[in-house]
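Pasting a structure below so you can have a look.
Here the chain labels run A, B, C and D in written order, and each chain numbers its own residues starting at 1.
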Amino acid sequence: MDRLELLQTYRAVRAQTTFLADRLAPEDCTAQSMPDASPVKWHLAHTSWFFETFVLTEGPIEHRPFDPAYAYLFNSYYNAIGEQYPRARRGLITRPGLDEVLRFRAHVDTGMERLLHECEDQSLASLAPVIELGINHEEQHQELILTDLKHLLAQNPLAPRYADAPPPEISQPTPLGFVSFAGGLVEVGDANEGGFAFDNERPRHKVWLEPFSVANRLSTCGEYLEFMQDGGYERPELWLSEGWNLCHSRGWTAPLYWKRRDDGWRHFTLTGMRRVDLNEPICHLSLFEADAFARWSGARLPTEAEWECSAVAQGHGEHFAPSPALHPRALRRISPGGQTAGPGEVAGDTLHQMFGDAWEWTASAYLGYPGYRPVEGALGEYNGKFMANQFVLRGGSIATPRRHFRPTYRNFFPADARWQFTGVRLGR
Amino acid sequence: MDRLELLQTYRAVRAQTTFLADRLAPEDCTAQSMPDASPVKWHLAHTSWFFETFVLTEGPIEHRPFDPAYAYLFNSYYNAIGEQYPRARRGLITRPGLDEVLRFRAHVDTGMERLLHECEDQSLASLAPVIELGINHEEQHQELILTDLKHLLAQNPLAPRYADAPPPEISQPTPLGFVSFAGGLVEVGDANEGGFAFDNERPRHKVWLEPFSVANRLSTCGEYLEFMQDGGYERPELWLSEGWNLCHSRGWTAPLYWKRRDDGWRHFTLTGMRRVDLNEPICHLSLFEADAFARWSGARLPTEAEWECSAVAQGHGEHFAPSPALHPRALRRISPGGQTAGPGEVAGDTLHQMFGDAWEWTASAYLGYPGYRPVEGALGEYNGKFMANQFVLRGGSIATPRRHFRPTYRNFFPADARWQFTGVRLGR
Amino acid sequence: MDRLELLQTYRAVRAQTTFLADRLAPEDCTAQSMPDASPVKWHLAHTSWFFETFVLTEGPIEHRPFDPAYAYLFNSYYNAIGEQYPRARRGLITRPGLDEVLRFRAHVDTGMERLLHECEDQSLASLAPVIELGINHEEQHQELILTDLKHLLAQNPLAPRYADAPPPEISQPTPLGFVSFAGGLVEVGDANEGGFAFDNERPRHKVWLEPFSVANRLSTCGEYLEFMQDGGYERPELWLSEGWNLCHSRGWTAPLYWKRRDDGWRHFTLTGMRRVDLNEPICHLSLFEADAFARWSGARLPTEAEWECSAVAQGHGEHFAPSPALHPRALRRISPGGQTAGPGEVAGDTLHQMFGDAWEWTASAYLGYPGYRPVEGALGEYNGKFMANQFVLRGGSIATPRRHFRPTYRNFFPADARWQFTGVRLGR
Amino acid sequence: MDRLELLQTYRAVRAQTTFLADRLAPEDCTAQSMPDASPVKWHLAHTSWFFETFVLTEGPIEHRPFDPAYAYLFNSYYNAIGEQYPRARRGLITRPGLDEVLRFRAHVDTGMERLLHECEDQSLASLAPVIELGINHEEQHQELILTDLKHLLAQNPLAPRYADAPPPEISQPTPLGFVSFAGGLVEVGDANEGGFAFDNERPRHKVWLEPFSVANRLSTCGEYLEFMQDGGYERPELWLSEGWNLCHSRGWTAPLYWKRRDDGWRHFTLTGMRRVDLNEPICHLSLFEADAFARWSGARLPTEAEWECSAVAQGHGEHFAPSPALHPRALRRISPGGQTAGPGEVAGDTLHQMFGDAWEWTASAYLGYPGYRPVEGALGEYNGKFMANQFVLRGGSIATPRRHFRPTYRNFFPADARWQFTGVRLGR
């Protein structure tokens, strides 16, 4: 990106983060519902800490840190920078309050504006990759703000809403089909042609694929309910051993946020408790549930290379139109005359819902690509040190910023994680 | 109390509770630092829930509950009323926010005002004991607001203050002495002569005491430091077995809130980090530490009957002058001419610091007095069901409302609790 | 005891310990079912370690320790002697094996025989109290051998037997009655008149008692079953708060070792799974269950002073005839002609089953008597350091050696302990 | 295998299992040191349960199960067969004792002899794959007998020996070198040409490999000690995030079984405590330690495909000569004249210690090969359900039965496992 593009993107992304918190009270921004999820206030501060630490403090324009103690408080996991306040106790940091954290954001923004205006071209060239990383980093935290907040609000028996509930949509089922691919020796990973990519998307490399097919859409709540009604959670032969044990020790009998009511299933969403729409994509599944469901379906999860190949082959133009329900929506069907009626419609052999609906669990463990090397220094801790005991997810959810939709993007979470918008696309 | 006295006391106590929260931001009022401690906001709501549940809903004046869901959210432990939101997760209730909880308080206050003005004398007579209990209950929570908040703020590496720090006082040591009592067949417990008392202070009953003596003042930080420097925390022969194990498993090497600095010990107080004053009463000890310290001193903890007898014999007129440091202060010494110079001074055989400085651990397990019966109904759960595996504390701390200072008052906490203002007076 | 009596008692007690293990295989003697219970092999070794450490090593006759490493391995909790192998891992000590431990016992016995024969009178006089303590200590472990082994065998789904099952007895109900006592200023505790007593039974001291009464027999399985069928385990108003929480977190719905079968309740005993006899004493209750049952019965648990007074007043001559079932038996009724037919019969106002059936939970916390001082040195750790968060039990069970039956004996266990033979006698 | 070969292999493997337990006392065979490790007695019984359940009960020759309860007691994890006794409590099963378990083995052996002699060819043909699986299964448990026992004995402060200690060998260092491979499109996995393989080794499939090299030998204790002395355990930049956290929470500062003494490092082996030989292969590392060490070495762990290709290319003829120390030995060096002097010597570009020394952690997560399908029925639970959150190990250790050494063999353990003989070969 050039100077102007950096500046504009920086401003837009920073504004979007603050916008997400705008409708929240200080109380909502402070609490932490589990060690894996962080308070909104922490996300607001940590993303600013990132720019202050890796750009402003390192940069050519003098910058006074807002508060030296923040280096400790808002460092997430960068050991090379120093010790960190314990992750599980982030909800106990009542001060700085929300107001003070917003002042911290403004302080960093002022510094960044100065830097982006005043620093020389040569300096900027060396800082640009870090700034761009910071922007993408902040966008990742925008998604976490929504998923972490959803988890927090779900703990409250009053089922409070993040946003007003839109009127319910009327949906229709879309037949499940499979699209076939020939496989062979393919290339996956970022080709390094100028667009932003995280280091874990590189290097581009060859992979041999046997012929495979993937489903034309995400699996639905209705299909998952069939699995449940067929004893899905009580049949060990469908499960990975660790998943089966977790089911029992944690009492899983439905996706996260689902509650059975006398008249059927409801689930908690960012716009309140809603009746489950059988045609909408199932989400908030662990890898173990997605895998057991796939096995029950006589299918399997795609590998990440299969997913990437199919995404590249089919284009990925169906990005989400913002969902006012803040939840994945059912596909709209092909209109009778065969014309498609806008984004999200089903057509022929197209792969639908590849981006912007729900993250798709893959059968691939999150490991470094052949020849992977993290960058030098503290930023090398960004991705590489998490390459064990996690699975790759592909695509992107309704909470994912649009710029993150690309075939090579590798999201990753532990197999038992359920609080992200995580769904399943079948493969064979 | 008559109608007017009830009304005035109710108003004063309710106002004082809100006053305690006045200087706090919503963030401070929301977080919970451990299962044993509750958020300030929860205390504000629960004390109101108490009046709404036990007085307004039961009373003769029609009252619409502020929100039916609060019956579940803000019930502490009254099983007879219904299920309770899990204690350990109170910090996750971000809504209702602080504002809404203050509206709940106002709603309850309006109801109480109406009831206290309008209900007939006969009704009032039957409700008065419950109202009085509710007032005393709220005062107990005033103390918890301070101790729970102190624990929360102490988790923050920024060591934030609840109140501004007063200038440090200059203190002087006061010699330790013992006052002797003859013992014999004595009576302890509330005599039921009209003043308020909790059910656990009754019935008044006979106890045989051997001759005993108790220290003329609380043990000091200086004395406790000697214990520490003499290897107090490393000498198993000084400790109860369970205490010794806790020392190791929890890593106790000093009282709660103490931090060693290069130039000596500091401790966290509600007015910030302060240098430890060697002459001030030691506090934030567990029963185990108090007991080990007493053994090291060649003494023991008094029993609750001994404490009560000595308090009755000596009067208990030395109530605290409010401590601006929000921490127990050193005794002021007798002035040269022998005149005492106000509250807190040392004179002859007087027992000092019996009330209003720090709670005093006793050697007595918290059990029902002979013939003890809890009241019928849900309020019977107030005290009686906790009579196992706790120890009695006597006196009262700087955080205790003044009306709670009486010789028969029985406070109780588990032996490992350290976040109350808990100290030690030696006995023999 | 004089030299000869010491010698004879030592021999008899040591032989009895080995006898208890005689019918067990090495496997049974090695395993540990929970941290609170120890392997039989460990009991065999630890009781020998006691004599080697406190008598032989200290004594006038030269003694070579069997293996210096045992000082660490078989020290239970005497910090003054040195560090201890972790209690929870005693089941991992497969070597020394059972044979080797029996050789250790023989080695210690040889040393003790020599000492008891050869040492001079003066030396013996100073050692005799320690030897006598060691003998009583070993008898306490005889009881633990049976209770710990029972707990271990109960974990095995094959329900293996320690001893052959005797033919079932036919029992009859005995009416529950209460015996009244006047109370007043009484003396309790060991009078120091020559018989052995533990330090925690002293000093004898005055206690004031209000008039009270205690039940003429232990409560029965039939009575407890009524409590269960009346929702005893589902009614929070009957329970101490901590007990209620334990009920839920541990899933208690019946006494330990009870299993519901289609045709009624069975329980695991040392002679195998047996049908519950409704007339036999209920046992394997926690203090919490005993307390809830008493409350449900409209009664309460006696205090330890009440128990002791009533035991003294009534004599305690009904010691158990050894129970071949290794389980408390139902009372035998008065024969038609009015003659009693031997031990265990019911007569008039007599208190039955005071000793030798099941330990009786009292309402008293285990604390030191007024003026209590542990002995100097390591043996001071025997009793005193456990005086917190335990309750006193009185009487003695079918597993208790006969010499331990005395009115002043204070047994103690945490309120949640259920693996001892612990029952309930009602008081008022 | 034909009938005779099956019979002979069955007999030999069964005899070897019993032989491993021969020198152990019943106590050693009963205890369980952690949930992951099982008692020797359990291994003896479970391997027999396997034949009784999957062969004898299913087979054409009538067979009476030794004890119906064993179906529950000795089922490891086959949900399709029924419920299982809890894994973590296997050490509490003192009965059946060792003798009885040996009788169970004999009972199963008698049944298998009859079946292998008497059943018709057609029946045998269908049973042979299961019998062969049972034989390989039992060999896997032979390795576990040694590793689980080692972990148990290591808990004993007496450091008891499984076997007599051989005299220490004198070793010399061997230079570390790397052997290069061209990569390209290769095939890995079992080719299904008749030899036994587990289902997880299939199907054979294509993989694209970039050029790579692997070390000519395992890394040594001396090299690992350099890592330790260079702050290996204190430098977060060397570690995967989860490994770094484990290091701290579990207090890892050296490989499992290492103890620092004043004169250097010792480690516990099956032949007792021994001085660490700097030239012998490092083992008892977790994946996290192996990975951190590799990173510190400027290298990485090989993938399982790289390992398999290099093993195939180099042959695998250097199987272990039985190590009397029951521990991996140092390589013997090339003799001056260039002649090799027997197994284990170093020559040119050869890959040494590929089999029979220590398992080698790879960088590959344990997942199903493309097209992998577990067999139908209960035996499908053998491997497939563990394909999440584990890493692949290749090669084989001194405890591995010889018939298991093959390039396609896939061992797998969680990344934190350290009680197997697990070491590291560097790759690039």
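What we mean here is this: a contact is a pair of C-beta atoms (placed from the backbone, for glycine too) under 8 Å apart; a residue touches a chain by one contact, two chains touch by 3 or more.
Not measured: the values here are computed from a predicted model.
Peer 1: Chains shared as neighbours by subunit B and subunit C?
Peer 2: Of all the chains present, none is in contact with both subunit B and subunit C.
Peer 1: Provide the C-alpha centroid distance between subunit C and subunit D, rounded to the nearest whole angstrom.
Peer 2: Centre-to-centre distance between subunit C and subunit D: 47 Å.
Peer 1: Quick one: report the Å distance separating subunit A from subunit D, using the average Cα coordinate of each chain.
Peer 2: 38
Peer 1: So the centre of each chain is just the mean of its C-alpha atoms; given that, what is the distance between subunit A and subunit C in Å?
Peer 2: 60
Peer 1: Give the residues of subunit B that touch two or more other chains, as numbers and ranges in rising order.
Peer 2: Residues of subunit B never touch two or more of the other chains.
Peer 1: Kindly provide every pair of chains that touch.
Peer 2: Result for touching pairs of chains: A-B, A-D, B-C, C-D.
Peer 1: Residues of subunit C touching subunit D in their complex?
Peer 2: For this pair, the touching residues of subunit C are 25-31, 33, 41, 69, 72-73, 85, 89, 91-98, 152-153, 155-158, 160.
Peer 1: For subunit A, which residues are in contact with subunit D within the complex?
Peer 2: Touch list, subunit A to subunit D: 77, 79-80, 185, 205-210, 236-237, 239-244, 287-288, 291, 303, 363-365, 367-368, 370-371, 380-381, 385-389, 391, 415.
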